[in-house]
Amino acid sequence: MTTTRSALTGAAPLVHCLTNTVVQTLTANALLAVGAAPAMVDEPLEAEGFAAVASAVLVNLGTVHERTAAAMRLAARAAAAAGTPWVLDPVAVGGLAFRTDLAAELLDSRPTVVRGNASEIMALAGAGGGGRGVDSTATADDALGAATALAGRTGGVVAVSGPVDLVTDGSRTVGIGGGSVLLTRTTGAGCALGALVAAYVAVAGDALTGAVAAHAHVALAAEAAAAVAAGPGTFAPLWLDALDAVTDFGPAQVTG
Amino acid sequence: MTTTRSALTGAAPLVHCLTNTVVQTLTANALLAVGAAPAMVDEPLEAEGFAAVASAVLVNLGTVHERTAAAMRLAARAAAAAGTPWVLDPVAVGGLAFRTDLAAELLDSRPTVVRGNASEIMALAGAGGGGRGVDSTATADDALGAATALAGRTGGVVAVSGPVDLVTDGSRTVGIGGGSVLLTRTTGAGCALGALVAAYVAVAGDALTGAVAAHAHVALAAEAAAAVAAGPGTFAPLWLDALDAVTDFGPAQVTG
Amino acid sequence: MTTTRSALTGAAPLVHCLTNTVVQTLTANALLAVGAAPAMVDEPLEAEGFAAVASAVLVNLGTVHERTAAAMRLAARAAAAAGTPWVLDPVAVGGLAFRTDLAAELLDSRPTVVRGNASEIMALAGAGGGGRGVDSTATADDALGAATALAGRTGGVVAVSGPVDLVTDGSRTVGIGGGSVLLTRTTGAGCALGALVAAYVAVAGDALTGAVAAHAHVALAAEAAAAVAAGPGTFAPLWLDALDAVTDFGPAQVTG
């Protein structure tokens, strides 16, 4: 149920990120820290072709607008057509019609992994009205039924962030504990996790294994960084250091 | 003349930021550090509805363009209609016609607080030709007349940044000293202050009190961070740590 | 063959950056750290007029799209018409038709300096097919012929990043060694270098001298930061500290 950190570094997957402008820097640095290569092309004229040659694609709806929505549609379709794994992070879906409709449409391209908080996953599965922006007012356990249903619909994996993250392919569910509350006080930490899921899924034998590995890597690094950080500001660069320093992780972090 | 830090943390206001792409990350992290919740929705199809449910709205013109200008107009009107406090940060207004015209138009939605440097406030009040970008070539004292006139026009509060910040509602004026010159060497520190003004105004009894509290919070945190920072790069994460660590502030920082 | 750091600080050049959204924050902070003033205006209605009054202009294609491409065309033409130095950073040119065509068109405005990695320079000179995104699969030495040819075409300077950076005006070529591999693990470090090249060229007697000074400044600061950084995350703020702390640099870093 784990893949190795060394496999990721060895493959250096190119992750094409169509993500929100708030978190692009942290996302790129997190990918670089783990040995992957980021690229942030979001012009519709380029996104389709680039997604087809990337190792994996991330679509994150945080600050989506009409131009980037067009790029996301093209990139998701291109990834699906090429058999390239792609991750959907449905930020704030539920409360806002434009992105909620877009996310529902993107599901037709069958994301390899959907990663979000409980409110987002429940909203995307049609089970709730969503949260207020990026906050989640539901717990991961609340969302497990929705996650399982959503995985059944996409044929892929669904990951729900919370104090214990849950990752499911609809039949098997894995919990990843640990981490740090400082992740929730660092803008973009969850979004960067979505990018690491894309990177790991590109090199793992299966999507569940890859998604679990990314969550374990992030949680371990967060624990290491939290142990030395003086607050939420110094946590972020230390977390990047720790993402780089994590050598490997085993079943201790993962409960199947 | 002060509101409490604990009131802010307790309310955890949702601050809808339509702000420039250079400073989105620092702005979001500053809001998280003080216990508020950031959201950066700037698609016109979403901005109006989101502004209506947010606790406060920030409109910052730093990298405004036609799409985000449309979103800002809708958000400002929605905030005004809903009685939601909103803050205008007229970055570089004066020297560039597109944003200068937009800022003048946004004044019709009567911003609760206008926050800028002396050149920007003077330009917005029609008292000067503006500076070169985000620099201010005038002092806060130079701008006090313009700030007072502008407050009279909006019916709100105007804050002018400088070595001593001035915050006025047109009749009462408060000076906030302290802080650190390193704030001026950190891109987005002033823009993040605008977001904290929005957060504090959402929870304070009146706009003047809220705006003063935000300025005092930022100044105190800057002093604490400057005392330990090795330079302008390490200052930024330490300032976020200090924004989190500030427990309360009293009249010592504020001269009425 | 060197210009002084003190000349840069004294002049405080205003650098108009039309650059990608991933690196705007680091770029602005790097400019502030060395004593220059950043501005990031990229609305076509503003870019032309602003470029004409700036001290230097940077055009970086990292996340270019149709609106910003329009702004870049206007800014490059305005800079050329005003005799203002401008720098082209052709990120990922070669593999993507939209930006490759744009870069070729921008060459007509004769950039004062073109700065990129070997793959990008070779692609722009028509000598290769480009890399995969921002990676370079060729070395700076591989690209020297292409750089020389490109400098002959623009009448300006071409800088190729690598373990040893090469800067050429077509007849003279300077190598700048040192630096740190951590620069390649920090998103935007190369892009920020492009902005510092623009700042230095604005104050130097000639473009080659300015470009070399920027490369030497970045390399020295990287060495200082790498000596104390615990990893790629803590490197970035320490590099900004070091950019600020570098007082001057001499021929030791530069081999003519």
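Letters A, B and C name the chains as they come in the text, with residue numbers starting at 1 for each one.
FYI, contacts are C-beta pairs under 8 Å (C-beta built on N, C-alpha and C of every residue); 3 or more make two chains touch, one makes a residue touch a chain.
What you see is a predicted model; the values in this text were computed from it and never measured.
Least-squares overlay of CA atoms from subunit B onto subunit C yields a rotation of 120° to the nearest 5. Mostly differing positions are employed by subunit A and subunit C in their mutual contact, as under half of the interface residue numbers are shared between these two copies. Rounded to whole angstrom units, the spacing between the C-alpha centres of subunit A and subunit C is 32.
Residue positions of subunit C with contacts to 2 or more other chains are 21, 25, 236-237. If you check the complex, the residues on subunit A that touch subunit C are 14, 21, 24-25, 28-29, 32-33, 37-46, 49-50, 53, 67, 236-245. Residues 20-23, 25-26, 62-66, 92, 95-99, 132-135, 185-188, 230-234, 236-237 of subunit B are the ones touching subunit C in the complex.
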